[in-house]
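Got some structures for you, see below.
Common to both upcoming complexes is chain A, partnered first by chain B, then by chain C.
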Partner chain A sequence: MGREKAAKEALNLLRGRLCDPTFVFKPLSDSPESNYSKLKFIISSSVTEACNNSILLLGPRGSGKIAVLELVLKDLFLEYPDMISVIRLSGLLHSDDNCAFKEIARQLCVEHDLLFSKMASFDDNSQFMIAMLRECGLAHKTVIFVLDEFDLFAQGKQRLLYSLLDAMQSITSQAVVIGVSCRLDADQLLEKRVRSRFSHRKLMFLPPSKEDLQRLLGHILSLPLDSTLPRDYAVEFNAKLQNMLADEKFKQTIYTYMDSDATVNHLLRFLFRAVSYMDLGSGFLALENFKTALPNIQRQPKLECITDCSILELYILVCMKRLEVKEQNSYNFNSVMTEYKSIHDTFQTSDYYARNVCLRAFEHLQQRELISFTDNRGHNQSVEFRPVKLLISSYELQKGLKSYRSCPVILLKLMDREA
Partner chain B sequence: MGKEESPQVTRRTTRSSSSTPVANNVVETTKTSEHEPLTINDLVFGEDPISLDDLLSSFPSRRVQILELVHLLGPSNSPMLPLFIYGGASTGKTSIILQTFRHLNRPFVYSSCLTCYSPRILFESILNQLMLHRKNAMNGYSSVKRCEKPADFVNFLREALSNVINNLMGNSGKLNTKRLVSQARGNTVYLIFDNLELVRAWDKSSTILPFLFNLYDVLKMPELGLIFVSNTSPDTYYSSMGYIEPVPVYFPDYTEDDLRQIFMRNQANRKVYSSFLDVVLRPFCRITRRVDELSTAFAPLFAKYCEPLSDLGVVPREEMKRRLFSHLQPHIAPSLNEVFKISSKPSPEAESNKEMKQKGSRRRFAGCEEIDELDFHMSTSAKYLLISAFLASRNPATLDASLFDSMGGFNSRKRKRKPSQKSLEQKETAEQELLMKGPGTFPLERLLAIFQCITSVAEGSVDEEEQENEGLGVQRGDSGLMSDVLLQLSSLCNANFIIKGGSCPLEGSTRYRSTVSEEMVLKVARSLKFPLSKYLYRR
Partner chain C sequence: MPTIARSNGDSTPQKRRLRSDAEAKDSPISTTVKWKSPRGCSSASPNSLSNGTERDFSDNPERSPVKKNFGKFISKPKWNPGDTEQMREVKEALHVSTAPSTVVCREDEQKRVLEFCKVCVEQEKAGSLYVCGCPGTGKSLSMEKLKQLLVDWAKEAGHRQPDVLPINCTSLAKTSDIFVKILGDAQQRRKVNGSATSALQHLQNLYSQNPRSSRIKMMLIIVDELDYLITKDRAVLHDLFMLTTFPFSRCILIGIANAIDLADRFLPRLQSLNCKPMVVTFRAYDKDQILKILRERLSALPYIVFQPQALELCARKVAAASGDMRRALCVCRSAIEILEAELKESSSNFNSLTVEKACFEQQTATAPDILKKQDIDVVRLDHMAIALSKTYRTPIVDTIQSLPQHQQILLCSAVKHFRGGKKDTTVGELKKSYMDICKSSLIPPVGSLELSTICRVLNDQGLLKLGQSRDDKSKRVTLRVDEADVTFALQGIRFFRNCLQ
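The block that comes next holds the complex of A and B.
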């Protein structure tokens, strides 16, 4: 296999791994202390002992809660075939109770090969669910409810949560309710009657430690030796990879990146960007890929906006900054224009343009979200009279002006005076 | 997006088409091609695919961004994290992503949140394209599935995507030799959401935006790629509900050199245009660097620049360049102060009229129109209503009695007093207040009262003038000005000359505010020969 073809296949493999969370979280789940083992123990015990249970998985977004849950469910399906059925709901989609019950009924129907009627009413669907739970209980089959974005279910009347947890109170049902949420106080959001029926088990998903991180990187980026890739290429790739992982500069880059957000998904985003730029000619990952990926992933949008502005727009921004410094509580386009005129009169700049051109530049700034109107939906006034405010800080403006190519000296001087 | 192959044989001939055979051929073919069902290959761009070099050369200064996109999209059948393409307006995001897909020849579904302005239309448009459904007269122009809620959308989308992917896998097995060019490559389908910044203004934006960003995690299908295109940066989308951020791709605005390359493309007379750009590019770039605005401004200027040249193909030398520059120079400054206007072609009648009138007045460059007159038509009663609204907004209500006496004339009693220091200060603060607060509000009754006063004066003067017969052909009837005032008011509101404001908390009636500038009202008053300055309260 040619080197380039092997490199392409390796690239596909790595990208596929990075987009598949269940692969990524496998090594973190190996130890007996991990969340994976605890979750597996809880669910399997409720399956074998035919009892009801409820648990919350909490952790920042991207820490792998659903991924670990999917791993557990996959293993349980292998261990206890035909004894488990899974219903998946999401707070984003099904926070409305009608929607939720309809979806539960639909998934139950699909699971058990029944005909699902879209016209069924809310009562029909809830009766159906309770009946199915009873039947499944009698048949010693556990129904596992996975509620993603659990905190969104806790908005409103919490009817779904109550009926689910209530149905679990009866002896005949065998159900496990697993709530997944990013809010660490998700259980505080529950109503009293719901909370009393909820067993207060919580599993916290914490960001990985530095050793775990190293292990994770090695696991994700190493090529398998027994696949369709040529063996010597894979061996060489892995050796180069290990060298790079041990390199201090590489570690520094990764730690700098993880300073802002330490979750695994955040790291995967960075790795995706770095891996996509792998040089297909040589077929190896280099430190360069990671170094160039860092500024591309961590962007500074406001500074970029300022570099995009034209000089007239910069003038308007500086005028607004001066008005703010003069402690004018609210100002509008007309006051910005008077300030602009006064700057022109004082310093005799060459950039003095007509009012309509300035209004157009003003509207461009508003489109870029560097300024905004302070009255929301107040379309009572025309654009020139509505009060506006700046959406960037003076530090950002100054930094932007300094990095602006061919910025007029007068603007820099004015900004320095304010600082 | 997808183009149909032109069918060789017309399948049906209707009576109309058989009676008029000549021009209807094109209509014929489109009619019959509408009946052909869409296939999976219609999800690709449709035209001949282009190579990477063609792609790079057709977008002169976007090499870095195009390569970034190609790298992130990856080789065929490779899964992808969601992308977020952002940049200013008119920076080429949409066209580049579409042309990149033309180059890669992969199936995609494009939907813009500008044309799909509500969640239901957006969902149904995507599903229609995925399920290869075409709206035509046979199915009553309805979508393939009615879909309003995100929950239904996810279910239908999963179903449609698995169908499409199965189709694609079957497609890659067999080679269609006839249409090899536009055959879809690969097993991945891409969804492109354009103009995403408009979703923030929707009613349901707090649920729809997190839903769209989380769609990739919800669906968990590696054969789906999501691409978001937006005018604003990702930090403007943050809300209380979080999501995994998509991978950002930034399209910076063009620099001056980029703009030069872009404008030099497709130019017939390259040398002349290049010297033209040397003159105009720098001053205009200080105002704006957007390609659409600059091209509108440059077009008439270039026409002006080429006027002295007899032969456009000649390479201008130094003294020629200087001559052309001095010819263009006086027109650059006024053009800089113009917001771009695309002037419509006036009818030949109006042009001859204009020529007669302009013989006496100063001639100016066509780009910046010296308007002493309004350039659009308003009925007489609408003009009077506009003037009354302006007066009502400008003058304080307490002065109405003195300014408009019962006979409708103005009160010529002018108080001349030497302005004291305090009144000067008061004048300044009042001016400041006018700048800040803007025009005042007035109730409907006041507007109608002023309108009645003004028009009774006008009708008086009209009777005198009728003997003079201006010959402008405008009808002036006795009571014609009072009719349909409320209708005129609502059309002025729709044209944003008058804004309907909130209601007064004490009275409960709605208040209005006039938003026209003084110069425009002066033009309107001049066209009616109305003495506006006498009614205007000068502080």
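The block that comes next holds the complex of A and C.
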């Protein structure tokens, strides 16, 4: 097929992969030290040895906790069909105890083809759950409770947690409780009774190391050789990809991006952007794609605002900055005008406008939220007398001026002097 | 436990293979020593009272495997962790849900409660008792055993056997439902409306009239997690304990909770009536008690699983921290899992070596041989130390070390900002100090949107605490981690060392 058609298909394949968490987390799970193998070991030993267990998965949002858990559960369903049933609860929906027990009862009913009655009371539901756990225990079936947003379950009286963990203390039930949370101190939030019954096992999901990152990038972005894509195209693509991955500049771009947020999810968003910039004519990924994607994804709205400002508005902003540097705690439009006049007098600039024009520019700035009034009341006072403040930092202002298309030199000089 | 399977058929439902099957086939290590537990079948059944002398027997062979005090008892062989059946037995023996047949180290407390109940049953008088103690100290377990002991004693002594009603207050939808439960379903059906006030009144009527109440048996009510009944006006708790003060009351009430002063704080009125409940405190376990309990659980197994020093280390650490028995059992199981993982790793290493060597030497060693060479047979001190450190360490230091750079810089700027004694500030101020640090060290700072995201991420992880506000800049920020933790975590990086000085 033509080069462009192959490139389009490759692009679709890559984009599909980036949106599929199970594909992404596979390579990180292959080593025996990974969280995947540890989690799998704990759950499978609970299933085979018929003992109860509880575990917490902790890590920042987007680090793949649920994805790895789903991978483990999928594999366990294949290994032990009919011996596992999964109940999923979320702290955002079911933190109220009544809701939680109802949901557990409903899911158990669905799992085992029983009739669920909405009229069942809290007592009935909790008795039902305990009875079902006992039945499942006798039938050698393990019930796995997945509690998402675990820290939200720890608010209030923690009755659900207590009942679940207490049921697991009896020898007749066979259950595993897996809590997933982004709070590191999730187990400190538990009451001491509940904490005593909870085993202290925690799995930390830390951001990937540099070697893991390289491996991950290679795994995600390499094309498969045995698909509908033409083989020589795929081979050439992969070779070019490997060269790019080894390039220092590429590594620098990736590390700069990951400096603010190192979770896998964050990286995937960047890769999606970069891959979408792939040139369909040549059909290969290039370093330029990544370099263009970086500023597009790390947007600075205020900087973009500044590039849209007029020269007069820039003058006003610089005057306000100077006033701030002179430690005038509160200033208003009139003081800005005084400063503006003094600049004009000192440097003999050509951009000197009348007062009402400046007032218009001032109002524009205020509408665009680059400046704002510091007092909340006072709509009776006229605009010229109300105290104002800047809403952008001096660093952003300086950067904005530098990237402005035809910034007057005088402004740059003034800003450099303040810096 | 091996003896239970052989002795009686009415033990807990066997959902695993009977131990007798395992005993029938000879496992390679323990075949030479057909070791019978010195505790005969009678003490293995849960119905008998604990017998003091037999426990001593079970202690000694483990404590002194080398010095033989009793010539008959040969020291136990070490276990084979590669044998899945043995592994399963050991894990089951150490699981929290396996109730031991005798409750060790709680004899005094149990005796006191039993005496109290005996007096009540003999004189057909009502009474109340309050059991308190930290979690994991054996309160519910002892009360479980007590139920059976009391019923058996009553049968033997010829008194009327009391009814037993265990209630766990967490399962009550409303606090006043406890009276409905005490009344029981049979009584309640006679009343048309099942509202709780009428249940309480019904009970109160019942206990104030002589002819009706003498026909009813004594009732032993065990109320677990009593503090769930504490309401603002403390009415329910009061009414519950007041039930025992009625002239013809028939209930023996035992309340279980964690707070030591619950009776004093929430039941002051009972003191004036001179019927404050008797308080039995279950103190936290100390090192010797934990050691004794662990040994007692392991004594039923015919092999040695732990090195004695390892058990002692575990007991010491857990006793120093909380005295919680569940924690000790968890740590032991965790140590066994570490051993299992080590075994798996070494056998996979050996297998890869064997594949290489096979062409040269034509010999295939099996797993037990490796064990003999590498001595992975008992749980050693280092396994226990790793398990303890995993339990008792906080992940804070690791997480801070693994944060990306800008998040660490923001955390540092927060630490510096709060050093002056201020306890909270706004997000705008924090951003300013972050910018200052970046400017002074010539690192390009991230944009303000990214900064807000970083603040939110740190809040999610529990390192900072953000307040609520419409405006992002005026949200209040406090630091949730200790400054010392942050300094310790980042001490390896020179930039942060200088920054935090």
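Simple rule for what comes next: the second predicted complex is superposed on the first by the 300 of 419 C-alpha atoms of A that agree within 3 Å, B and C clash if a C-alpha of one lies under 4 Å from a C-alpha of the other, contacts with A are read in each partner's own complex, and residues count from 1 in each chain.
In this section, a contact is a pair of C-beta atoms (placed from the backbone, for glycine too) under 8 Å apart; a residue touches a chain by one contact, two chains touch by 3 or more.
Predicted, not measured: the structure shown is a model, and the values here were computed from it.
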- Task: Identify the partner contact of A:S90: answer first if only chain B is touched, second if only chain C is, both if each is, neither if none is.
- Result: first
- Query: Which partner does A:Y353 contact after superposing on A: first (chain B), second (chain C), both, neither?
  - Reply: first
- Item | Partner chain(s) touched by A:R299 [first = chain B, second = chain C, both, neither] | both
- Message: Going by the contact rule set out at the top, does A:Y80 touch chain B (first), chain C (second), both, or neither?
- Response: neither
- Message: Going by the contact rule set out at the top, does A:F284 touch chain B (first), chain C (second), both, or neither?
- Response: neither
- chain B versus chain C as contact partner of A:Q169, first or second or both or neither: second
- Have a look at where A:F23 lands relative to chain B and chain C in the superposition and call it first, second, both or neither. neither
- Task: Pick one for A:A50: touches chain B only (first), chain C only (second), both, or neither.
- Result: second
- Task: Go through the superposed model and pick first if A:F116 touches only chain B, second if only chain C, both, or neither.
- Result: neither
- Message: I'd like to check the shared interface: which positions of chain A are touched by both chain B and chain C across the two complexes?
- Response: 61, 182, 299, 301-302
- Item | chain B partner contacts - residues on chain A that touch it in the complex | 8, 11-12, 15-16, 18-20, 61-62, 66, 90, 92-94, 96, 99, 102-103, 106, 182, 265, 268-269, 272-273, 276-277, 296-297, 299, 301-302, 304-305, 307-308, 310-312, 330-332, 334-335, 338, 351, 353-354, 356-357, 359-361, 364, 367-369, 379-382, 384-385, 405
- chain A residues within the chain C interface of the complex: 32, 41, 45, 49-52, 58, 60-61, 121-123, 126, 137-138, 140, 157, 159, 162-163, 166, 168-172, 182-186, 192-193, 195-197, 199-202, 204, 206-207, 258-262, 298-303, 393, 395-396
- Note on the structure: In their shared complex, chain A is touched by residues of chain C numbered 12-13, 15-16, 87-88, 91-92, 95-99, 134-136, 168, 170-173, 177, 225, 228, 258, 324, 326-327, 330, 334, 337, 341, 345, 390-391, 394-396, 398-399, 402-407, 431-432, 435, 439, 445-450, 453-454, 457, 460-463, 480
- Task: Could you please specify the touching residues of chain B with respect to chain A in the complex?
- Result: 68, 71-72, 74-75, 77-81, 86, 88-89, 149-151, 154-155, 207, 210-211, 214, 217-218, 222, 231-236, 242-245, 247-248, 250, 252-253, 255, 285-290, 336-339, 435-439, 496, 499, 501-502, 513, 515
